[in-house]
Each structure stands twice: as C-alpha cells, then as structure tokens.
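Two complexes come next, and they have one chain in common, chain A, joined by chain B in the first and chain C in the second.
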Partner chain A sequence: MTSTAPGTIDAVRDWIVGKHPERSPVDQHIDLIENRLIDSLSFVEFVFVIEKASGTSIDVDTVDIDDFRTLSAIEKAFFPA
Partner chain B sequence: MQTVSYTSQWTAAARALESERADAPLFEDRFARELAAPKGFELLEKYRGGGLVEFVAIRTKFLDDTVENLLSGSEIRQVVLIAAGMDMRAFRLRWPADAVVYEVDHDALLAEKRRRLSTMDAQPFVRRQEVPADLAEDWVPRLTAAGFDPGKPTLWIAEALLFFLTEDQASTLLRAMASVSAPGSQLALDILSEQLLRSPATRFFLSALAKDGIPWLFGTDEPEEFLRPTGWDLRVLTEPGRPDAGEGRWPYEVQPREVPGVSRNWLIRAEIATG
Partner chain C sequence: MIPRVGVDLVPLSRVEDILRSATPHLHRLLSDTEISLSRNDSGFDHAGIAGRLAAKEAVFKVLHTERETLPWLGVEILRGRGGWPEVQLSGRARRLAHQARLDTIAVSITHDGPFAVAVVVAHITSAPQGR
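Right after this comes the complex of A and B.
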C-alpha cells in the first residue's frame, strides 16, 4: 500500500523504493533496468503498478521497453499531463 | 573446464549462500563454498538480481524433497543426476541402503569434483557412480555400462540444464531418458517460461549470458504440452513462492497461471507415460 495519491508517478516511485529501500531516492533519469531495480520477474507486477497508478491499460507483449527505462520515460508514456 | 561447467560453480555459490544463512536455511550444503571456486561467486555477483539466488535455493529444496519423498515412498532406488555438476545430494541427503546415484557429466568436471571432494574428505551416504559422458552424444550406453538398469524404475534429476539446450536438444534428452525408463520412473526438473526469455526486462541479462558463452535458449509457457510427446506425463507443476516451493522465501508476487506475460520458473515432476 502506498500513501501517495493515485494518478501520479509517485506511486510507481514508492513501489520501487519499497522493493529496494537501500536505493532510495530513485532519480527520475536512472535506468531502472540496467540498475536492476526492475527485472523480468518483477516486470509484470511493475506494469500492474503503473496501470493502477495511471489508469491506463498496458499490453506486456507489445510494450516498448524504452517507455519503462526511467521514471521520466514512464511518466511521459503513461501519465499524460 | 568448459564454459557451462562454470555455471555449476555459480550454482554452488548460490547454494553456499543459502547454507550459510543464519535464519532457517532450506538445506545445508557444507561443501558448496569450496565447490564454487574459482568462478562461482564472480558469476553470482555479475548476474545478481532477478531472483537467481533465491531460485537456486528453492529449486534445490524442491528437488531434495522430491528425491527424499520418492525414495521413501516408492520402489525407486535408482537415481540419475543428468549434468550433475557440483550437486552434493549423494553427500547430504538420507538414502535407503540399497539406493544408487549416477552422476552424469563431462569427464573433466567429474575429475575436478573428485579432486576437490578428496581434499574435503567428503564421503557419500549412498552408492555413487560417476558416469563421464557428453550429453550431446549417445550417453545412454555410458550409463548402462556404469551399472544402470533400465528394467528398474528410475528417478531422473535434470537441474538447471534445459535452458542451456535448444528445444530440440531438450526434447531429445527427455526422450532418451524415457526410452530407458521402467514403469513408475519419475523425472524432476526445472524449465524456464518462454515468456522469461522474451521479456524486455530480461534482455540485458540474456545478452550478457550469450556474451559469456552460456546463452539461455529454451523455455516454454506450456510445460505439459512440451513434456507429453517426449514420453512424460506431468504430475506436479509449481513455481517458487508456492507452498510446496519456498513459500515465504520468494521476493516476488506469485501470479496465478492465467495471468499473461509473467516470467516464470517452472518446477516440475513428471512420470513416465504408460501405454
């Protein structure tokens, strides 16, 4: 559970920090995959978190991985201003 | 030693970490640290993450349990470890007095393991036969020459092996086992999901493995369908984090089977098909 408001990237950031408290704070531009903050086994769960927070539906079989590389990219792709 | 043999040191390193856990280790392999040299911990660090250490521990325990349950609860007394690597089950599990364990692997690996075990004064708890063989060739005659009896039921363990093979090679291997499996024979193994090999988040990991000469090649999202034509009927299909497979020790949420797009590690027991 997160205390942040739904509909913002903060919920996604909080989820990552929850999994990797030692890596907090998670920079907006850090590569989440290269830095192993996200891996293949957590990927689907991660996508669920983004779907829930953003209210968008994501098809994991057709995603563009570049949309998930950084918090900044995720925000741009799934949290339209 | 060949490149794939270094992965047996990697597995040994993960087993050493589990064995040295202060809090309720799933098993204790006191030889693992020694068997992990020289490359095991280096590979473990390089490829850390992705639940690998936890998976090795859970898989080891699942297969330990399978061995102990089948040998105490069935007629099976013949166990074959295919690509045994640094597996120490012969030296750490309880075995019936009339059991025999065949360890099949490359000659060079078996020789190195023997050398290390002699320095640790390790003694097996069961009759143990080394079977030097190349799994890419016709290895069954090597096994029978070592005393394996195709007329008796067998438990085959193929741990951390299938992902290094192509689908054809994996299927050929399972068929070869089936061809010398008496009724009641069992097979316990792990298989990756194809989804794990396809997942965008696995890409870096997989390309690093390929660069190191140990590419992961095969996975399936439908293990029942893969096994059936090879002569094996699925009996147990589970995944890390479930009650029979390291519940409480898996750092990921366990997703129900019907959720698409999930990277999975299947833990499997199958029985030789009859009729």
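Right after this comes the complex of A and C.
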C-alpha cells in the first residue's frame, strides 16, 4: 500500500448510505456483504472509494475479504489511527 | 467430466451507474480490449457492457471459490470466431480455474430490455491439472 492522502471512514459510510438510503444509519459492525449492501459489482467501486478516502492503494488480488466486511474492519485495516 | 453451471443477470441501470459514477472505475471492470469491444458508433454499448459483466460474474460462479474477490480483469470476455463470446483467463483467475480443475469454459450472453443475462458451462476434469 502507498499513502497519497489522509481521510476518514465517514466518506465510506456516506457512499454506502448514498447507495442504500433506506438502510441508514449503517452500523459499524453490520456485515456489509452478508446484508447485500455490497455485491461483487459494487465492490470494485467500493474499493475505489476506500482508496480515495484512506489515501491507500489496494491490490484486490491480495486482499483479505474480511477486511471489507464491516466499517469497523475497514477502519482498522485502511484508516490507521 | 462433471459439468458446472454459472448464471448471472446485470440490469443495464448498473452500467449507467458505473458510467456516471463520481469515481470512474470501468477500467477496473473491463480490460482495454473489452472496453474497445464495448463501443459502438454512438459511444458505449450499455447492453454489451452489461452482458460482459454478467458473463464475468457467471464465470466466477463456476470457480466455486471461498474468500476470493472476483478478478474482473483476469476474466476477459472477448469476441471469438463468428462473433461468439469467448472466455479468456489470466493471472489469479487462471490459477483459480486450475485449482477448480476446470476445463473448457463456454459462455452465452443475451440481453433484452433492461437486463443482460449470461450463462457459463464448464467441466471439471477428473484429475488435477498442471500449471
């Protein structure tokens, strides 16, 4: 991963809510994949959004899918304090 | 040989969302060759793109993977002889197909109105394949 610009998890949460306004608020621990907030097609844009918000570059060929399951996991993996 | 089938449906509205997204990412879903094949005289062929995306998802389904993300660029849906779609695998997608012991992968795509559908049929060989 290479850092380009810092950000917050809020941009990721906002993107999910923008796609699924009926599911707002999105809990920090809800499984985004199991609850169909993210599917394989939207996952690509989702990764892009995380990259932009976190300032990191993500190699989708080597990711651990569990790092994307919840906002809490995403924050831990891509938004280090 | 044991057959394996994958099917997927993509609404054309998903393609429209992708093309007007604030985070342009079509190039992460389709290879340069596929993007070239997905253009017509009036610009992007939305039905063609939806069919290609459905075909990729259907290919991924026959791989029967766990804890893997879809290797979008490693599954290319190209134009074969006679204009029929054909699947070309590379990188991680190719490795996953080997691990699944998949032989030939055949694909058929159709679209009508707001949807595109793709069906993939593959065969599992009886013995593990070499890399």
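The definition used in the following text is that the second predicted complex is superposed on the first by the 75 of 81 C-alpha atoms of A that agree within 3 Å, B and C clash if a C-alpha of one lies under 4 Å from a C-alpha of the other, contacts with A are read in each partner's own complex, and residues count from 1 in each chain.
To be clear about the criterion, contacts are C-beta pairs under 8 Å (C-beta built on N, C-alpha and C of every residue); 3 or more make two chains touch, one makes a residue touch a chain.
Because the structure is a prediction, the values reported are computed rather than measured.
Colleague: Quick one: classify A:Lys52 as touching chain B (first), chain C (second), both or neither.
Modeller: It touches chain C, and chain B stays clear.
Colleague: Check the contacts made with chain A and report whether chain B or chain C touches more of its residues.
Modeller: Per-residue touch count on chain A favours B.
Colleague: According to the stated criteria, A:Thr8 is in contact with first (chain B), second (chain C), both, or neither; which is it?
Modeller: A:Thr8 contacts neither chain B nor chain C.
Colleague: Between chain B (first) and chain C (second), which, if any, makes contact with A:Phe43: first, second, both or neither?
Modeller: Touch partners of A:Phe43: chain B and chain C.
Colleague: According to the stated criteria, A:Val60 is in contact with first (chain B), second (chain C), both, or neither; which is it?
Modeller: both
Colleague: Please report the chain A residues shared by its interface with chain B and its interface with chain C.
Modeller: 40-41, 43-45, 47, 60-61, 63, 65
Colleague: Mind listing the chain A positions that touch chain B in their complex?
Modeller: Residues of chain A touching chain B: 19, 33-34, 36, 38-45, 47, 59-61, 63, 65, 68.
Colleague: Show which residues of chain B lie in contact with chain A when the two form their complex.
Modeller: 48-51, 196, 199-205, 251-253, 255, 259-263
Colleague: Please output the residues of chain C touching chain A within their complex, sorted ascending.
Modeller: Interface residues on the chain C side: 10, 14, 18, 21, 23, 25, 28-29, 53, 57, 60, 67-72, 91-92.
Colleague: Which positions of chain A touch chain C when the two form their complex?
Modeller: Contacts found on chain A: 40-41, 43-45, 47-49, 52, 60-61, 63-66.
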